[in-house]
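Handing you a structure now.
Note that the chains take the letters A, B, C, D and E in the order they are written out, and that residue 1 is the start of every chain.
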Amino acid sequence: GSSDAGPAGAGSSKATGAAGSPGSASAGADLSGTLTVFAAASLTTTFTDLAKEFETDHPGSKIRLSFAGSSDLVTQISEGAPADVFASADNANMSKLETASLLAAGPTNFASNVLTIAVPPDNPADIGSFKDLGRSGVKVVVCAPQVPCGAAAAKVEQVTGTEVKPVSEESSVTDVLGKVSSGEADAGLVYVTDAKGAGNKVTAIDFPEAATAVNTYPIATVAGSTHKELAAAFIALVTGPAGQRVLLAAGFGKP
Amino acid sequence: MSVSLELSDKETVAVLGPNGAGKSTLLGLIAGLLRPSSGRADLDGRVLFDAGTHWVPAHQRKIALLAQEPLLFPHLTVLDNVAFGPRSAGASRGDARRAARHWLGEVDALGFAHRRPGQLSGGQAQRIAIARALAAEPDLLLLDEPMAALDITVAPMLRKLLKRVLAGRRAIIVTHDVVDALVLADRLVVLDAGRIVEAGPTRLVLERPQSAFAAGLAGLNQITGTVTGHGLVSEDNMSIAGVVDDAAVPGEPGVAVFRPGAVSVFPEPVHGSPRNTFPATITDLEPHGDQIRIRAGALAADVTLSAAADLAPAPGSIVYFVVKAAAVVIYPAKTVRNDEAGPRP
Amino acid sequence: MHGAGKAPAAITIPLWIWVVAAAGGLFILLPLAAMVTRVNWPQFVPLITSGPSLTALGLSLRTSAVSTVLCIVLGVPLALVLARGQFPGQRLLRSLVLLPLVLPPVVGGIALLYTFGRRGLLGSSLSVLGIQIAFSTTAVVLAQTFVALPFLVLSLEGSLRSAGTRYESAAATLGAGPGTVLRRVTLPLVLPGLASGAVLAFARSLGEFGATLTFAGSLEGVTRTLPLEIYLQRETDPDTAVALSLVLVVIAVAIVGLTFRRTAPKLLNSGGTRDA
Amino acid sequence: MHGAGKAPAAITIPLWIWVVAAAGGLFILLPLAAMVTRVNWPQFVPLITSGPSLTALGLSLRTSAVSTVLCIVLGVPLALVLARGQFPGQRLLRSLVLLPLVLPPVVGGIALLYTFGRRGLLGSSLSVLGIQIAFSTTAVVLAQTFVALPFLVLSLEGSLRSAGTRYESAAATLGAGPGTVLRRVTLPLVLPGLASGAVLAFARSLGEFGATLTFAGSLEGVTRTLPLEIYLQRETDPDTAVALSLVLVVIAVAIVGLTFRRTAPKLLNSGGTRDA
Amino acid sequence: MSVSLELSDKETVAVLGPNGAGKSTLLGLIAGLLRPSSGRADLDGRVLFDAGTHWVPAHQRKIALLAQEPLLFPHLTVLDNVAFGPRSAGASRGDARRAARHWLGEVDALGFAHRRPGQLSGGQAQRIAIARALAAEPDLLLLDEPMAALDITVAPMLRKLLKRVLAGRRAIIVTHDVVDALVLADRLVVLDAGRIVEAGPTRLVLERPQSAFAAGLAGLNQITGTVTGHGLVSEDNMSIAGVVDDAAVPGEPGVAVFRPGAVSVFPEPVHGSPRNTFPATITDLEPHGDQIRIRAGALAADVTLSAAADLAPAPGSIVYFVVKAAAVVIYPAKTVRNDEAGPRP
């Protein structure tokens, strides 16, 4: 739903637009300070880049990034972590905060991600399609159903009717990727962005059924943030053209 | 344990007794390292403890305890070890070191001032420990077998030192060595099973021991019985001729003592000038200085190595102990009172 | 002076020491208490007896038992060599044995992966032999052994050193060969040290998380031990996670407490309890 | 018989013991070697001197130093009380102090969060005072202290027990009060044990990961210590992760090795090195 | 160290010497607990070690070593401790226990068979340790001060036991006690600084000590000099009257010895029957058995406690040592050869 992005998106284009304009003096003064952004681990590279860009756009501002699994971040925010902005890898975790009234405003979806099959560069099990993951003797690693990437994998399995017998159900996509890039597993179900981020350590084999389990990334300002303006500006950057460009380059899809 | 002991100022009392008699326990109680379940103690009018109500911790008692091991603090130099007491009493570093130098001088150990305890021999360390205890200027000095862990070659030197520093000082010295008592103490207390069994001026106790234990300490053969005109009749009806003390009244209980060294041993009965001959069944042989002590029940005889080699004594064989009447001293038996441990009049 | 009966007057500890010690004790106690307050008590029993919980608990107990045995098998010789041998590199070996104690377990897991993994140092040779370690319960055991070994080795080495070699010399002059000495003298003498070392190794194995996750993966009944289950449940079911954490704490306290009931901990205790 | 010169004939260790010990040593050594083979050596220096790496390393060193100090402050009294005191619950306290040693750090982190977090046992009181602990560098220090405290306490307790109380008694009869005895006798006597305990606490702090991630989060320059940086880089930049792991290993080996260079590890060594 | 020592079958040799002389080192080398850098040893034709080339480990030597401490294995019962040797030699459990019972009987300790070592007193434990060593049926038994750690009350009993079990057995016993040598050994070797300084049949060495050290061991005053018609002229030109041995040739080097106990001490010079009077400056006082030994340089006199109390001797004061000519023995000095430690002919 890109329509969800409406109000925040509008705000953001104003802010980004203002950054270069001479009338930005007062806005710039407002936009100083340190913004703490809690982001899902899969956003490490993109958000690090975007934070730099933001700091350049808004001199006097500083972005502090904390990366961990989305649910870790939810726990931490619930326990009082000083987050201004939370970017989750799925809606489930974001809604935990929403139900707990820990969001300042409703979340905005800013990206999507789909699964891909990551295999070691030499593709030892000769994987070509999702069906191949069901072959016996193929060592497949997936995320546990409790975590977003695992939920997506289960959905794809259901749609394709392929029963995957994983050798391990990891609790984070990082661990899946680690098992594949180290050559331990023949294949793993990871997000496109993860495969891309791993560079030549893994080869991604996209499969059409991935579209049945699109994972959406929402972002929101956390209740109790003392830098709401700055938070809004950062969310605007992420959801705006500049952010989208960086995210797309990393393999994310449109929200 | 149950002990009642009073010390006058400047008096040194020796405490002797068998292993486990409670000597160390007594010192521990006085020093404040053990907590008694009952009883009381005071020092110059200060109550040290009064079971249940009063308890002065060790560091407030002004009672120093010197044990078998010198226990010099290994991380401090000799000088700082000796300065420890004055420092703890609040003296400045300089004053404390000055005092320490004085006391090191007293024990002829100024030369070691800057050594670490690890660089000292056992005897040297014990000398420093004495200086350290004295430097704390205690109202009472306790010594628990201060020479027991030392080599036979250094003990005499330390004994001399102690003789010097204990003169005119209030101290209690626990020892297993009667010579220590003789050389160092004014008064002697014999402890056994937590009780005082004999007490009195050192020489008197050692020369006229009343209890078998004290006789053993003094290294004397002792026979108790009834005084006769020219000797004593023992409880098992044996006659002993000896030098009868003037105070001994015939018919009254008396004690006869003689040195094992005064006893000659013969394989057969002999007849001659010595007046006392006791047939004896050897029960034990043990080394005794450079002689061999032949034990036959309660009596003992010391013979030289070569005499022993000739005699070839073996436990179980029967020999004859012969002692001249002139070597036997007979004196009256006194009833030992357990409280008789007051200061010398 | 007149005294009867006696008790050692314990060395006086300054009052402020007690106060700070109490603070230190609270610092460890409070977090555990806090966890207890978060337990969903009405649901406690159902939570910890659910299928996955019991499976994970069973797996944890089994793998920890096996890795304790492995720690004994590898650790007893290591401790002997460190305590009794004289060889170049002895110090380095001791440092290395200490290492897993202070290495982040995740790094340990990576290192294990690089060794026993399919592409690892030994992995290819093992593959040829048809041995696949990764993703198996064996990998869990290896990870636990790696982190728990120092506890056993160093506990036992301490005991061996304090036991000294005099009894062993006596046994040798009585005609006992090295094997007999080891079996009939050395090991019986250090049995308490070995026991507490083994208990600590077991407890450490039970708690092992990072290396297992990295090296062995997480599959129910095969590699998902109790700590991994806790980590996973935290995502969706914090109540279960907290309940299981408490189970783990109770097991650890019980094991450690029971073993060290009668003596001070041998592992970390130099020189027995004789204080004059 | 005619003999000149002599050397102790070391207690003979059966050959198979050496073999198994070598296997045990390799079991720990090989994973480290394997890691070394994976290091991207040409890029090694740039990798470990990148901004985030240096920031993380600096943070790790600083927080570990502070938590070591905290361990000393809390641990010395705890050790004193455990070794010298006589009070009910002493055994339980010792079990509890051992607990963080065997608790999965993530569980420890949760427990800390439940204590010092905003909604935690103490958190709300602290909030009122305007103190926010969780997710600050303070939280990192607390997490490290929590896991490292047992190392210091138990090492020192062992030293205290083996030192005995005789020197302290001697000092007391010389007129030294409890404070003086502590400062001038007890602590100097157990200094070696305290030093090795502190070193191990420092090393353990340096390696702490799970509790930090859970309790302190992962903010660059604030809470992202070296192990967290490694964890984060593992995903996108395994080369950096491996290089940093190696740095951590080298620091740990260096610290542990340097401290225990002259003596066997005091922490786990009961009774000194006098073997007859 | 450099020691050459041969033992015939069934011979017991006592090794004496000051602390650090190398006595324990010698036993360690023989037992295989120390590894020599040079030298060789063999037992009944078996080479034990030959530096560099041969090395038989301790457990293959059939040499048992009994030290000061009994070192009973604390985890085994007394019976299994004694059965340890036979078991190690390959005996079945039943046979080993039977042998253990036999040896426990030999040391009168069958009653303790099922106790743990922790439930034994020091003397009992040492008895069991002897049984354990004997049960290993060693070709050679080494004893390193087996009684040094024991109470004075149990040592004599153990000495009796050792006398019985060492009879007709090849053994080397290290001791600091000359009485042990006298009672237990056929031959005596005095070790100092890793070398043999004196050796020979026990009694001969103790009665006619050649070295000052052996004289000290035997507890004798020794003066060396030149034999004269009716005595000896010392190196510092003092005349000593004494009983001259037939073998002593006037003009040849000779040795005069007398017991400290034979010396009387007077505060002033005396004239009377005793022929030898030496002015002496007291250097030391030490306890000696139940007497006090007054040392003046190399000479010593033993006086009783009461005599000492009367005399009040103090280091530095001048006294007169008086000894009867009849108490002085004079015999020829021999050149001590360091290899003279062969078996008795």
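Heads up, the rule we're going with is that a contact is a pair of C-beta atoms (placed from the backbone, for glycine too) under 8 Å apart; a residue touches a chain by one contact, two chains touch by 3 or more.
Bear in mind that the values here come from a model prediction, so they are computed numbers and not experimental data.
Engineer: Mind checking the rotation angle between the two copies, subunit B and subunit E? C-alpha superposition, nearest 5 degrees is fine.
Structural biologist: Fitting subunit B to subunit E on C-alpha positions yields an angle of 180 degrees.
Engineer: Let me spell it out: compute each chain's centre from its C-alpha atoms, then which one is farthest from subunit E's centre?
Structural biologist: Here the answer is chain A, farthest from subunit E.
Engineer: Tell me whether subunit C and subunit D, two copies of the same sequence, contact each other through the same residue numbers or different ones, using over half shared as the line for same.
Structural biologist: Comparing the two copies, subunit C and subunit D contact each other through largely the same residue numbers, since over half are shared.
Engineer: Busiest chain-chain interface by contact pairs, anyone?
Structural biologist: Chain pair with the maximum contact count: C-D.
Engineer: Rounded to the nearest whole Å, what is the centre-to-centre distance of subunit A and subunit E, using the mean of the C-alpha atoms as each centre?
Structural biologist: 89
Engineer: Could you please state the distance in Å, as a whole number, between where the Cα atoms of subunit A are centred and where those of subunit D are centred?
Structural biologist: Measuring from centre to centre gives 36 Å for this pair.
Engineer: Once you find the CA centre of subunit D and the CA centre of subunit E, what distance in Å lies between them?
Structural biologist: 54
Engineer: Just give me the whole-number Å value for how far the CA centre of subunit C lies from that of subunit D.
Structural biologist: The separation of the two C-alpha centroids amounts to 15 Å.
Engineer: Scan subunit B for residues touching two or more other chains and write them down.
Structural biologist: 32-33, 57-58 - these are the residues of subunit B that touch more than one other chain.
Engineer: Multi-chain contacts only, two chains or more: what residues does subunit D have there?
Structural biologist: Residues 12, 114, 120, 166, 169, 172, 178, 181, 234 of subunit D touch two or more partner chains.
Engineer: Can you pull out the residues of subunit A that are in contact with at least two other chains?
Structural biologist: 72, 75, 178
Engineer: For subunit E, which residues are in contact with subunit B within the complex?
Structural biologist: My answer: residues 19, 151-152, 155-157, 159-160, 177-180, 182-183, 203, 206-207, 218-220, 259-261, 284-292, 295, 302, 304-306, 308-309, 315.
Engineer: Spell out the part of subunit D that touches subunit C in their complex, as residue ranges.
Structural biologist: Its residues touching subunit C are 10-14, 17-21, 23-25, 27-35, 37-38, 73-75, 77-78, 80-81, 83-86, 91-108, 110-112, 114-115, 120-122, 145-146, 149, 153-155, 157-159, 161-162, 164-166, 168-169, 172, 178-179, 181-182, 193, 200, 203-204, 206-210, 227, 230-231, 234, 241-242, 245, 248-249, 252-253, 256-257, 260-261, 264-276.
Engineer: State the interface residues of subunit E toward subunit C in the complex, per the touch definition above.
Structural biologist: 31-33, 57-65, 67, 69, 71, 73-76, 84-85, 87-89, 132-133, 136, 138, 142
Engineer: Can you name the residues of subunit A that touch subunit D in the complex?
Structural biologist: 36, 38, 41, 44-45, 64-68, 72, 75-76, 78-82, 174, 177-178, 181, 194, 197-198, 201
Engineer: Going by the contact rule set out above, which residues of subunit A touch subunit C in the complex?
Structural biologist: Listed in rising order, the residues are 69, 71-72, 75, 139, 141, 144, 146-147, 166-171, 175, 178-179, 182-185.
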